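Consider the two complexes below, in which chain A is the common component and chain B and chain C are the respective partners.
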Partner chain A sequence: MTELKESMQKAQARLKKRHAAETRFKAFGIGALVFAFLCVVMLFSSIISNGYTGFRQSYMKIDITFDESVIDPQGKRDFDTLNRADYGKIVKQSLYDFFPDVKKRGDKRTLSNLVSSNAAYTLRDMVVADPSLIGTSQSVWVMASDEVDMLIKNVFKREDDESTRPITNKEIAWVEKYESENRIETRFNTNFFTAGDSREPEQAGIRGALMGSALTMLITLALSFPCGVMAAIYLEEFAPKNKFTHIVEVNINNLAAVPSIVFGLLGLAIFLNIFGMPRSAPVAGGFVLALMTLPTIIIASRAALKSIPPSIMEAAIGVGASKMQAVFHHQLPLALPGILTGTIIGMAQALGETAPLLMIGMVAFIADVPGWINDPATVLPVQVYLWADSPERAFVEKTSAAIMVLLGFLITMNALAVLLRKKLERRW
Partner chain B sequence: MSIKKTLAVAALASVVAAGAAEARDQIRIVGSSTVYPFATSVAENFGKSTSFKTPVIESTGSGGGFKLFCAGVGEEHPDITNASRAVKKSEIERCAKNGVDKITEVKVGYDGIVLANSKQGKKMEITRKQIFLALAKDVPNAEGKLVPNPNQKWSDVDPSLPDVKIEVLGPPPTSGTRDAFAELALEGGCKQFPDIKAMKKTDKKKYKAVCHSVREDGAYIDAGENDNLIIQKLNANPDAFGVFGFSFLDQNSDSVQGSLIDGKSPEFELIADGSYPVSRPLFFYVKNAHIGQVPGMLEYLAEFTADKAWGDEGYLTDKGLIPMPQEERAKYKAAVEALGAGM
Partner chain C sequence: MQTTIFTFTVLLLAFIGYYMGRSRAVATVSGDVRKLHSLPRHYGYFVALWCGVPALVLCVLWMLFEPYIVNTLVLSGVPNIDPDASSAVIARILSDVKFLAANGVGRGADDPVMVAAAEHYTHLKTVGTASLAVAIIAFSILGLVIGSRRVGADLKARNQVEGLIRWVLLASSVIAILTTIGIVGSLLFEAIRFFGKVPFTDFLFGLEWSPQIALRKDQVASQGSFGAVPIFAGTMLISFIALCVAVPVGLLSAIYMSEYATPKVRAIGKPMLEILAGIPTVVYGFFAALVVAPTIRGFGEAWGLDVSSESALAAGLVMGIMIIPFVSSLSDDVIRAVPQALRDGSYALGGTKSETVTQVILPAALPGIVGGVMLAASRAIGETMIVVMAAGLTANLTANPLQAVTTATVQMVTLLVGDQEFDSPKTLAAFALGLVLFCVTLCLNVVALRVVAKYREKYD
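Up next is the complex of A and B:
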């Protein structure tokens, strides 16, 4: 009896110990989860708090006189004259008229910097679209300069000492006069989504990089998906198991771990120097990134193919299907969800790459929005890098805004994959 | 299945066709990251105000720019390279070897290099000699013999300097800014020692090694090419100093202040008139053979050399460029115009 009691006690003590270990393990797990969650929250909150203002832009209403003697002194009204006229002068004149007591040259110059240099192009587009404006006076909303924008968004604080902020008291007084007449407002920054890169923060947009990324990804997908899946099917189902295929397999696994810059160098040597592809173009970038993504897709596709029960293949062959029919009609459709997951992981990696693109000239200032795959283009992460490296303060919020767009692009891509996977998934 | 097949073949064919090079219709520019903000500004204005495409500009560093620029003549090679220093003889030879025998130098303006710290710290007044003593690898001791730099605090260099640890964040050795800082600030201070100056005549190599070597014991910290990062680090650490270009000081005047060097503060006017000692000229180089071949070259050059761009009140001064005097501008403008006349 005592023996039994003793062993019961021992068992209970062991049980207690085991439970304690389990509780500890759970606590560690929760701790890890909380830590990971906090990191994500920190990342997102820092990006969003820095960047949400990047989606808004200050505009100023100024009174413009479309002076015929400046725009079209000869009254020809042809496109060339209207397009080339000195609209900057008209913008400046409007500001000078608003502050008639600003006389000094230096002050006038500072005054004319309140509005963005983009204002002149706004007026140009207005006049070119409707030449009858010439000779009239209009109130026009134009973009404020980045410094005024920073002031309105309270990045440059008015209560700070004048010497500690880049905008002077005089400029603030001017801005306040516009504010008192309700001539300043912040709006949603549509320009950010319709314009290409610019050296002026208020005019800089993400469109060029977004298009560049989309075109590059298109090429990458068009090349690496079919090639990767074909290679996986061949290696998994058709290739003879010999030394040669073994070496190929090992090397595909190694290739997945090669640093991406190496692919950039390869791209420069082969695609640019031998095949003569254009520098800085999405076509070259897409080829390089496709090389990088291939091993990921092959490895994931093989794993997906392997996971399909052999009975399905055997049944297909049993009723008289050829091996190819069995693979394409039965095995591949069932493996597709897994293949798509692998593809998306590879594509997401490619979307975030800058290093290989450096070598083929896609890390560059490109203002024009690319139209097709051989136009010069840059991609989203490169745009983030370029803006982060710019001296103007207003680029800080643009950088974070661009990161948000990049994350949005990524989430859309992932969502699409999840949707496809859901649709294709079959149970047996 | 057959539709899918045709689609796949068509897609592949279009990709391959697009890969073939076609005639280039926009200017390509490479080179210095210091000139990059100015060149991009001009390129953007040029693209907006003319019917030409906006030039594509890569920031490769001065050396990397010459390497690409000198690789040959033809549309696969860049038309213009920016440089934060004059072209070297070896680079001219390299160019000539590849058939790029005619290049035109255009000076753009000046850039000041500043030694700055956070506004929370005290503004420092320093001479080039003191900079050399604080940052060089080997410095002369009391007997004039070269010893590894023993100075740990600024006050070890000179009692008038603050009693804080020497901590300077600056660009890495690959950077043109670092080269210029070594040449202008360190060498400028270094040759104020008569012994070392005499060395220039007897052993030029050693002179250069002594005057251009930055200490590697942790007092000078390579902070990478990103000047914004340096400014962030300065704000986090009020005792540290940073080395970067004037345009970054100009844009961040609310948080950092430039130290006075040899009694001159890094201000626009003092750099422009040459009295601030650590300033350097900026250039770009044009491949003459490409003029007339690539559309818009002359127009781009005209935009850059117009007074509304690089003049005293041009838009480049807003970006932090220090303009050249009127006569110098006229000289380079004439050189550029001569390129067009030659066509």
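Up next is the complex of A and C:
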């Protein structure tokens, strides 16, 4: 009796232990999932908290006297004179007039750096559009410099020690004078979407990178979609089961796993050095990315074609269609939703790809917005990389804002793919 | 611009050919289409293809080879080029000539040789374009005539058209092979040139890597400056850290999702991991440099440790986060492939869920999981942007994860970005590294795919 009791007790204890182990194991699993979740949350929160200010920009209202003796001393009023006049001087004069007691040369230079060098272009555009402004005095909103912008957005904190922030107490006092007269406000940063890259953080925009990405994607899609779908059709429907077909299939699977940077080397050695494609141009980038996305599209298209029941094909052939007609008139349209889903996912990968494009020179500083596929350009992820490398603090928010735009595109594309799969894909 | 006009001309002629072929076919049987072998439109396609394909092939060949031919001809007209001049010098001369030809001003505008070369270039371009235009139109019209003369009731137009389409389909699937050949060829070619300058064994077993030195004019490519061991060691260190993060987290979350989770949790967990997989690597790199590296540095300082701001730990950690979804989705696949009968057997003997997982499912799924981990490792070795942005640039032979190390991909980027000189061992070294990287990832993949396939067979 006691023996039985003892062994019962032992079993009970063992069971307790085993259940504890069970709970522990389950906790590990939950822990892993929570860790992954926290990573996602941290990633997004750090990007968004750094980046949302990038969509706003500080502007300063300064009193400008459009001095005729500076802009157009001879009174010609023609485009050339107005376009080339020294508007920077007028901007500076306005700041000096606002602080008449600033006399030292060094101080004056610091003072003139409160507004962005973009202010001069704002004035130029105003005068070119309306020459009658010359000789008048106006209050004009101009872009503040990146340091003032950082101060207004409280990235550089006023209560911090002067030596730990790039903006001095003197400059803060000047800014505060403007603030006290309500001459500073932050607005939606349209410049971020309309300007190309710039060395000045406050003037830098993603228009050039967006355009470059669009052109590159255009080439990638135009090459990889038809090639990928045709290759998938061949391998799935027409290829004889022989050694050659086997080699092609193994090859495609291995290509899908080749590191992306190796495709960059291929582009550099073959597309640039042998075919003589222009460096830094979307056409070369598009070719490289097309080769990279090809395996993704082929694999997805084959899966989509395979999921169509053979009865469709048999029925078509039964009523007298050739195999080619059966494939192109019946199989392909039915498989198209699946193929498109795979293509969108492949395109999203290509849109986020950076490394191979560094190899073919799309990493140069390019201020102009590219117009066509031969122009030097950069793409959105490379722009992110370039800005992330810049030392100015203001580029951190620009980088994060550009990442938010990039992620916005990727999320839209993936959501579209999911939607397409849910709405159009048929279950047989 | 010109090619666009040519293409449109050819397409227009092909369009005309389509209607010619169709109406001709209908006319030959005087309207009774039942007597035709194929549908009337197949005759249209037949003529259109005869008209368009040869001309377009010619156009593509021209586009591929024209720059090369013209450049060679122009250069042969410039007498005083140093025969040993590097490709960069020649490229500069060529771009000067082209600029001069296009704008009439520029570098070398006062040099009669250059002006002559520019005129020669313009002349060649004009003659070339004119002859191409004539050839293309002649080809199209010839094709149109040949095609439409062959149209008749007995012509098996459909079979011929479909035969051609079949060839086009085959050609598309061969592109994948051509890509591989291109990769292997270019890597091998440049790497062999590199090994002609730096001995193979020095590269593979040398302990010192300082490629910048070899660029200085007064110094011959010094031996030992291309020893890649520190780079391989750094790559392994960072990949190892990444796997230490990704394998436990990925595997455990896969087990939890397939064995424990309610459908609701799975509906949230799966997309969440997919989000991790969809984030571009440049974003991870920014995250590593902006958030993770300073945090680790701060922790290290609090503990009194000397942590580099580009520590291997930060890069490895973030890379680990990036490959979690690879490990988890691959493990999920193999765990699901374990037959339910094995689970049921274990439960019937009184095993708890965790015992079933660790003692039955994992041993059964082990080959598949190992394959998945190998795929993840190859992903980690080839990853570029995270390490470029968060790992160090100087080679450092150490196993300390708190110090900065460099990787093969980082070196490839730093060696090739902004450098057009193609003859220096410095740029060629990038191709040698690329070759090693390609071989290693290829081996890992081939073995991993084999292992996974073998494992699948076992339970199918």
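Keep in mind that, in the parts below, the second predicted complex is superposed on the first by the 378 of 428 C-alpha atoms of A that agree within 3 Å, B and C clash if a C-alpha of one lies under 4 Å from a C-alpha of the other, contacts with A are read in each partner's own complex, and residues count from 1 in each chain.
The working rule: a residue touches a chain if its C-beta (ideal position, glycine included) is under 8 Å from a C-beta of that chain, and two chains touch if they have at least 3 such contacts.
Note that this is a predicted model, so its numbers are computed, not measured.
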{"item": "Combined model on chain A: chain C and chain B, fit or clash", "value": "clash"}
{"item": "Chain touching more of chain A, residue-wise (chain B, chain C)", "value": "C"}
{"item": "Which superposed partner A:Y121 touches (first chain B, second chain C, both, neither)", "value": "first"}
{"item": "Partner chain(s) touched by A:F238 [first = chain B, second = chain C, both, neither]", "value": "second"}
{"item": "First (chain B), second (chain C), both or neither touched by A:A388", "value": "both"}
{"item": "First (chain B), second (chain C), both or neither touched by A:F25", "value": "second"}
{"item": "Partner chain in contact with A:G276 - chain B first, chain C second, else both or neither", "value": "both"}
{"item": "Which of chain B and chain C A:V363 touches, first, second, both or neither", "value": "both"}
{"item": "Partner chain in contact with A:F37 - chain B first, chain C second, else both or neither", "value": "second"}
{"item": "Clash with chain C, by chain B stretch, listed 38-46, 110-118, 200-208 or 218-226", "value": "218-226"}
{"item": "Residues of chain A that lie at the interface with chain B and also at the interface with chain C", "value": "226, 275-276, 279, 361, 363-364, 388-389"}
{"item": "Residues of chain B touching chain A in the complex", "value": "8, 11-12, 15, 18-22, 24, 26, 28, 36-37, 39-41, 43-45, 47-49, 53-54, 56-59, 76, 119, 225-228, 247-248, 250-255, 313, 315, 318-320"}
{"item": "Chain C to chain A touching residues, read off their complex", "value": "64, 67-68, 71, 158, 162, 165-166, 168-170, 172-177, 179-180, 182-183, 186-187, 189-190, 248-253, 255-257, 260, 265, 269, 272-276, 278-287, 289-291, 321, 324, 328, 352-355, 357-358, 375, 378-379, 381-385, 388-389, 409, 412-413, 416-418, 420, 422, 430-431, 434, 437-438, 441-442, 445-446, 449"}
{"item": "Chain C-facing residues of chain A, complex", "value": "18-19, 21-22, 24-26, 28-33, 35-37, 39-40, 42-43, 46-47, 50, 226-228, 230-231, 233-235, 238-239, 247-248, 251-255, 257-263, 265-266, 268-270, 273, 275-276, 279, 291, 294-295, 298, 322, 324, 348, 351-355, 358-359, 361, 363-364, 381-382, 384-385, 388-389, 396, 399-400, 403, 406-407, 410, 414"}
{"item": "In the complex, chain A residues that touch chain B", "value": "84, 109, 113, 117, 121, 156, 160, 164-166, 198-200, 219, 222-223, 226, 271-272, 275-280, 283-284, 286-287, 361, 363-368, 372-374, 376, 388-393"}
